[in-house]
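What follows is chain A paired twice: with chain B in the first complex and chain C in the second.
Let's look at the complex of A and B:
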């Protein structure tokens, strides 16, 4: 094709030299390539030959000739060679069976041999075809474009598939190399699953081949041989394997082991797909494990009696629970099975706590005649015990729940990945069993009471905070918050009046926490109580000033510290006498009476139109007492007693030594209600360590016929003696009758709240359908308590009777209107 | 052949001219690239010499000029046109086809080539 002349260039002559000559040189060279002798060949020569054939419109013939050449090569050389390396053992048994190790080993060796041979043949074929494609590049360019044929490379891959892999290996059987390959690979996977080590790399190579081959010449992704031929079988055998595995594990192992094995199987299969097989199968095989190992078995595993989830929860097996969680999360977004198991266990544990509290606190019908004031104080006689025990039980109940809650929360965080849904159901179960205990509000309030009274001593701010926070967490679960408020108010009032609170800061903190949790309305009255206390402090101070300015410098004058309480804010009923009858004012000794009158005058001057009523049952007094002992010594003690006890003791100031007062005398001279009188006399004359009075006869009970003497021989190792009488001064669990009282009051109060809510709603809406009204009222009140629907209905009736509402006639569904 | 192939390759024309150009420049042509591919390991890859039997020295010279021109300007937007004498156009077109170098195609003014052919 050299240039003939500068000015005259003809188009190159078509090389019509015979096709056969060119082809035969080309064919010889291609064979050389197959036998790996390419280095002796000139690319340019081969290329030029092919180029020329294509240029001379013989491309198509060339294409077919190359294909024939390849087919011939694959059939006569490659296939024969591979068939020779297939050992008979591979042909005999095509399903992986757990036969003896001996034959396993044999089979495995044979398998590896054939895999290696296939791999080599495949890689050679790929390499050679790569070279041939390069040489025939020009042909591909022209032929593929003009004739819509697959490139020679693709065509030769199809040939490899059909002539090597798919063709029967022996004339007498229809077992193809592909079948052998599949069963060998599956066999090895099985070996690996049972703990043997296999040549992953080799398998991966063979899988590469299956991934590189397609069912069609157009090479769609989904037509990969791997997907059409190998994967279904792989999934199938895996399913069988894991079905058996699930059964085996369930029989042999405990739940923890089961989950561990399942998790490690999942990881193992993932790794297998990445390193041994193809990532394409990962989803499929995980699906198999999910169904066979998890979905079908997990419910059984979780429910296993002796080592299921229950056992794990009980023994804080966080790791195991995390395993279970991960497994369940794989098959179920909502994790129902696990959630239910956890819920069941929580409710069980909660019921246990409730039951313990109940057995602990059998309400004792015996009147609480002689009690020491704190549940923690073990002094006092045996009769205290039941009641104290109840209080202890209440506090223990809360503690138990908090412990359980802490444990479950910890598990939830560490094992359940702080799962939202789980949290909701955990919260539900807590709330369920807490509310199933009718006394939960009272118990919780007692818990706060205990802690605010003494539990906080010596604790740092953050500890206090944590403790209160814990309590508040439980408050969140309590449905009847109004009931809690009642109890809390009652307990708080005692703490405030008796100055039993350890730290006012903590009290305030508590209130603000409750405010955040339950709302303003809830804490309003509690805050008012605090305000009263603050106002009273000021009042006492200014009264002292007032007295000082009056110039009444009587050194014997009694100092007064007063708490003026707003009667609507404070739980007055606990201060009044038990039977609820109006309290007759008792007779004060004259020293006291003057102070009382002077204060009344002072107070009413300041705030005219108010009425003060005195509550001696709630007060305390410090008195100094002198005992002339029989041994001649004189002992002085400061006694801290209740107001009533003070009145009683002051009577003895006027009684000559050695003489006595009878019960009747004391009663008529003081007018202290019987109930309180008996209690106070008991603590003065019966309680072993505070026997300031002597009683005749010495018995435990106080009878109207008893005589009382001033006990000159009183002994105590302390100068200050606290004589803890005080009726129901300690905050403790209520008795049955008290509870009924509280419940009745509660119901009345609720009735009020419901009516208020109904009116609020109706005022706004003017007209409302019955069911809607009920719903609205329920939502409005939800933060305080869960009202009974019947109660709401009754309240609506009553409001209609009182003409706040009216029934709208001929309305369907029934509706009400607001009467302005 | 050392383990790392030399940076330059030699292209030989059918009539015996030799051109030594950078390997990277030469490999713009698909044909030459495949020829020199070490994984295929044909004799050209081993020796680093490509005999292009069908190309004359003149055409190959122009081809090499183009290859170097292309290498030099490959990253630039505005490049000077390469000067191609009309009488070489047709043969260059064929060479471009043979060498599987579409870029070279685009440089050759085809009308000129065809016009020249018609003459």
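Let's look at the complex of A and C:
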């Protein structure tokens, strides 16, 4: 075969016994690398030599020889050189920094020298080992695979660690270079913390070295020298530093400064870890600050009487509060300390607002009010004023709360990052102090009343909307929504009947807002009231048509505008007399009576089976009046008066000039209830600007013995004169006794609601354990009011008595059954 | 002894409407650079031969060249790498780096002209008809043993850290070895394998052992001149080989392994 003749390319034969020769050339070259003369060496040649040794199975020997060579180099050259650049000051002075500046400077200079030397030695070593590794690439592969040894690079790094850093620098002391390095770095960090400028780059380089060296040859992350050797000491000294810092700041600075310092310390340390030390320490050092500066101190800082959180809240220090928030959030997810402080302040401020509202209502001595009520007499103006003042106070109370709310919300948004938990706490605080004012529902309703009557004039739609929205926010806090509903209904009915609302749009808007907030059930009756008003308008119009078609064209005929109200939807109590006695219908003058009967006929014709009951106390009338003054002039005025006042005035049509009617006469001829009669006479004969009648004697009170004259000399700048009825037309704060009345009614109504809820629940469940029944009833009613548990128990008893429910005998825990 | 390589197969002959594979495009472009001084930034000297090569092609593929060029040694500054190797071996190695293949073909060798086994180079099936010629400038035949050449290529690839070439050489060795189970080639191939690779590198050594075990009878049979392909002297001469063989045989004999071993009668 052709091949046989051919000569062959022979593989290199095994080199026998020339290891020493090869090694000594290689070793010489490696030394050249260390002395930075590599550029004259041929990589290929070195590589080939090393390869040959490995291929002839001497790789392991080569590995060990290289290691020895490195050890020797590090011990005899590198370490000696470094030890020489350690100045004595570094060895002696081992306590950090608070000595004189000069020695500080000296020490820093010495530290920088040694750091620079270490850094250089390290970087040289890395570089040289990189080159040597390149040369020994083939050996590394074989050694690592066959002998499970670390690569020569790793091995030489371990040598650097042990022979340079860890070994004692001098035979006579056990101080190692690593100790010197650590204390120099820590010293510099302390310098920087106290405001000096240091060479960050240099330190970072040395830290790189500690990060690049490991305790083990396997190089686990957690075995970095940085983590095992440097970090613990760093954390320790930092802890000491910040412990002292916390104490110092608390003594010297106010809360705002404290928080600012703490924040900037946090930022500084973060930056230090990123640029000077290692990001590995960031978490650790932040933990130190969190413990030493925040956790241990923040409660004190927040509570500082003069400038703590209270002060910040009062002076809208949003920036400072934001600082506090950020700090607290670091240590506590729920931010309890801060939340409590804020809550405390809100409650305090809320209590102040409550107290102010009270002092407004207190100057009017309550007992007198009680006395004056009922058959007693109201004393005109001086009574009127305080009541008005109270109304003002109620509105002010709401305004104050809204202002406080706005302020706190603003702080919450800008300083507390709209924190969810804090919002809940703030809401709770508001709800707490708002409900601690027993009259909150009434005040709030008055606030709406006031605004819907006057406050909305000249405001844009969006302003109106915002205003109502604010009110609704407070409604959210009010627990007894049913009480609010009662008041709102009462106030609304007056607004509707007396046409006092500025804008029906706003009224409707309000209703729909409440519907969204509290629910359908809540606004049902309010909406029914609006519906009645609309139906009444139509009714009035068709009645007018009816009269027109009847052909009764009497020009003197009284025009009628009527509101027909469904009695269950409207708060009838404000229309009936207050003492609750059955009220006799008053006697209407003839012309009015005609119209009344005509309307009744008209209405009952349309809706048979209904009963109309007339409420003169809620109506008004326009009267044209002629005054023949004593100076001969004739004055005409249009008077807008209450229905009662109209009845009274019409009496005087039949009284000759100069003659009078006595109180008694008026009463018997009209049958107007005393209470209303007195009030109407007061506004007709006593109120200074609307004195259409003259009273004898001239006093402020109306007494049964008084005589009344038609006042021909009545004067007014206006053609139209509106004569309000003293203390009845407006919506005002309730007097104490009115209040009791309302409460009593409220309780009755709640009783009903509770019973209804109990029956509803039981009907569905048939059998239920007592405690569960209570819970279900509570949840069902929660949107309207918070029922008293005792009340629920009483109601259950009563339902058992009436055989709607039964006790289930020998059941434990106690349970009830539904009796169908 | 630079050689001209004429390749007639490939993309250049495709009809214009057949679009070439972009991968081929790259390979062809690189192939075009082979042995061209254009863009060359590295010189490889090998005895009297000089190869102009491109760092961006050789360095990413070979840790050896990468380190030679990246380090601070003489090579990095001079841009010259001296290799103490057979020039032909180096040339084929470079050919691989540029073309992803290398050719060992001997026109004077009738065996390689055989239609069943035309050439160690295996072009793509479509190209089987294409010719591939190596012409030496001095006219001398390329006078070497193909099997030995592949073994040495394997060793070189191992030394220079060229993984792809190593794998390719191994495939070639396997195929060649199967053809040369005779007294002349086999002992020297085994010797080459055990001399040119370190013990940890099992690639060729396992092939030698496996081939031996699966052709034991054939290898032990003496030929007309009284020579066996696997003489006792070989076993004595290369202890590593003998060791590997016996371990392998023991493993095969071990009953748990469950397959019947070869009969050594």
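We adopt the following convention: the second predicted complex is superposed on the first by the 788 of 820 C-alpha atoms of A that agree within 3 Å, B and C clash if a C-alpha of one lies under 4 Å from a C-alpha of the other, contacts with A are read in each partner's own complex, and residues count from 1 in each chain.
FYI, contacts are C-beta pairs under 8 Å (C-beta built on N, C-alpha and C of every residue); 3 or more make two chains touch, one makes a residue touch a chain.
These numbers come from a predicted model, not from an experiment.
Peer 1: Now for A:630: first (chain B), second (chain C), both, or neither, which partner does it touch?
Peer 2: neither
Peer 1: With the two structures laid over each other on chain A, which partner does A:145 touch: chain B (first), chain C (second), both, or neither?
Peer 2: second
Peer 1: For A:38 in the superposed arrangement: first (chain B), second (chain C), both or neither?
Peer 2: After superposition on chain A, A:38 lies in contact with both partners, chain B and chain C.
Peer 1: Identify the partner contact of A:51: answer first if only chain B is touched, second if only chain C is, both if each is, neither if none is.
Peer 2: Both partners, chain B and chain C.
Peer 1: Going by the contact rule set out at the top, does A:420 touch chain B (first), chain C (second), both, or neither?
Peer 2: Touch partners of A:420: none, neither chain B nor chain C.
Peer 1: Looking at chain A, which partner touches more of its residues: chain C or chain B?
Peer 2: C
Peer 1: Go through the superposed model and pick first if A:137 touches only chain B, second if only chain C, both, or neither.
Peer 2: both
Peer 1: Check chain A for residues that touch chain B in one structure and chain C in the other, and list them.
Peer 2: 1-3, 6-7, 9, 11-12, 38-45, 47-48, 51, 130-131, 134, 137-138
Peer 1: Name, in rising order, each residue of chain B that touches chain A in their complex.
Peer 2: 14-15, 30-31, 34-35, 37, 39-46, 50-54, 56, 58, 87, 90-91, 94, 98, 100, 116-117
Peer 1: How about chain A: which of its residues touch chain B in the complex?
Peer 2: Checking each residue of chain A against chain B gives 1-3, 6-7, 9, 11-12, 38-45, 47-48, 51, 127, 130-131, 134-135, 137-138, 141.
Peer 1: What part of chain A is in contact with chain C in the complex they form?
Peer 2: Listed in rising order, the residues of chain A that touch chain C are 1-4, 6-14, 38-48, 51, 54-55, 57, 59, 130-131, 134, 137-138, 142, 145-146.
Peer 1: Show me the residue ranges of chain C that touch chain A in the complex, using the header's touch definition.
Peer 2: Spelled out, the residues of chain C in touch with chain A are 63-64, 67-68, 70-77, 81-84, 86, 89, 108-111, 143-145, 148-149, 151-152, 155, 159, 161, 184-185, 188, 191-192, 195-200.
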